[in-house]
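I have a structure I would like to understand better, so I am pasting it below and will then ask my questions one at a time.
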Amino acid sequence: MPNVVIDFLEGRTVEQKREMVKRVTQAISETLNCKPDAVQIIMHEISTEQIAHGGILRCDK
Amino acid sequence: MPNVVIDFLEGRTVEQKREMVKRVTQAISETLNCKPDAVQIIMHEISTEQIAHGGILRCDK
Amino acid sequence: MPNVVIDFLEGRTVEQKREMVKRVTQAISETLNCKPDAVQIIMHEISTEQIAHGGILRCDK
Amino acid sequence: MPNVVIDFLEGRTVEQKREMVKRVTQAISETLNCKPDAVQIIMHEISTEQIAHGGILRCDK
Amino acid sequence: MPNVVIDFLEGRTVEQKREMVKRVTQAISETLNCKPDAVQIIMHEISTEQIAHGGILRCDK
Amino acid sequence: MPNVVIDFLEGRTVEQKREMVKRVTQAISETLNCKPDAVQIIMHEISTEQIAHGGILRCDK
């Protein structure tokens, strides 16, 4: 705790995720005043068929 | 915002999802009084090994 | 199952939620081809301090 | 309801999930005082690229 | 990790939650074969206005 | 999208949340290569009765 769940579109590289979790953890740790080790991040990778805005699937835009 | 996450069993067609997000967005927009563009829907597709009711996996029913 | 979680800004009336869950359930039931009784909806009501877009809290916009 | 979502690392057998949902349902039913049939469990299986603690991906540890 | 989120109706005592997390943690630890310390449980307490089945709010049943 | 949900212990100030969402949004935007405006963050504030590790409620530690 803090516990973070991030849903984003699939297609990112491991290197992008590696950098992302490092920086998000640092941002949360410094602003919410907790140890980096306390921050857990779970990522759900979503296809363009699994996300919609305004009633339209991303794969149809 | 509003932000919607729907978990359902895998096996639906894109056409079903397309119609579903259109109608759910319209229902939320009209009843909660917000713009359709503000409604985001994320879908997680679950296998019958990943859902249980009453302590029994769906794949065992 | 299907299982729906909706996060939206607090301030809606019970009547709005009542109408919303009725219509969302109908929309999901008819498009994903399942019984209305199978649809579960959980609502989380969020304050304007608890949501941000583009890095800015809603209460600051 | 109660509604349970469990994220865990992929690689467990169906037998492990079968036993887990049986026992978690029993534990919740007996302590929160509700019928086992009311307990729904959804499992999300996560790869070691999709989870981080302390800013480091599990696959890098 | 494993990471557990449980939504249930408000009104349970601390004693019920204390017993519940103890037993759920034990159940997960023994069946998924992980250390109890690795199991995190977050509880969201929901009012009867915030949950619906079959398109009907719990507070209307 | 990306869509972020953060559960953390209640008791942070608005100023802490303001700074946190600014920095997390920047971190995600720069590493996942998306526009800041596409990043949505929802915060759930949890009491020490609503979180457990290792089978023990935070309020009991």
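Going by the order they are written in, the chains are A, B, C, D, E and F; count residues from 1 in each one.
Here is the rule we go by: a residue touches a chain if its C-beta (ideal position, glycine included) is under 8 Å from a C-beta of that chain, and two chains touch if they have at least 3 such contacts.
Just so it is clear, the model here is predicted, and its values are computed rather than measured.
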Exercise. Count how many hops through touching chains it takes, at the least, to reach chain F starting from chain A.
Key: 1
Practice problem: Could you say what rotation angle superposes chain E on its sequence twin chain F, using C-alpha positions and rounding to the nearest 5°? | Solution: 120
Exercise. Determine which of the two chain pairs, C-F or C-D, is joined by the larger number of C-beta pairs in contact.
Key: C-F
Quiz prompt | Chain pair equivalent in interface to D-E, over half of contacts matched, among A-F, A-B or E-F | solution = A-F
Quiz prompt | Centroid distance [mean C-alpha coordinates] between chain E and chain B, Å | solution = 21
Quiz item: What is the distance, in whole Å, between the centres of chain B and chain C, each centre taken as the mean of its C-alpha atoms?
Solution: 11
Exercise. Report, in whole Å, the distance between the mean C-alpha point of chain B and the mean C-alpha point of chain F.
Key: 24
Practice problem: Please list all residues of chain E that touch 2 or more other chains. | Solution: 1, 3, 7, 23-24, 26, 40, 42, 44, 46, 51, 53
Self-check item: Set of all touching chain pairs, with the criterion as stated earlier
Solution: A-B, A-D, A-E, A-F, B-C, B-D, B-F, C-D, C-E, C-F, D-E, E-F
Exercise. Spell out the part of chain A that touches chain B in their complex, as residue ranges.
Key: 7, 44, 46, 49-57, 59-60
Quiz item: So in the complex, which bits of chain D are touching chain B?
Solution: 5, 14, 17-18, 21-26, 29, 36-37, 39-45
Practice problem: Using the touch rule from the top, collect the residues of chain D that touch chain E in their complex. | Solution: 1-9, 12, 16, 19-20, 23-24, 26-28, 30-34, 46, 51, 53, 58
Quiz item: What part of chain E is in contact with chain A in the complex they form?
Solution: 1, 3, 40, 42
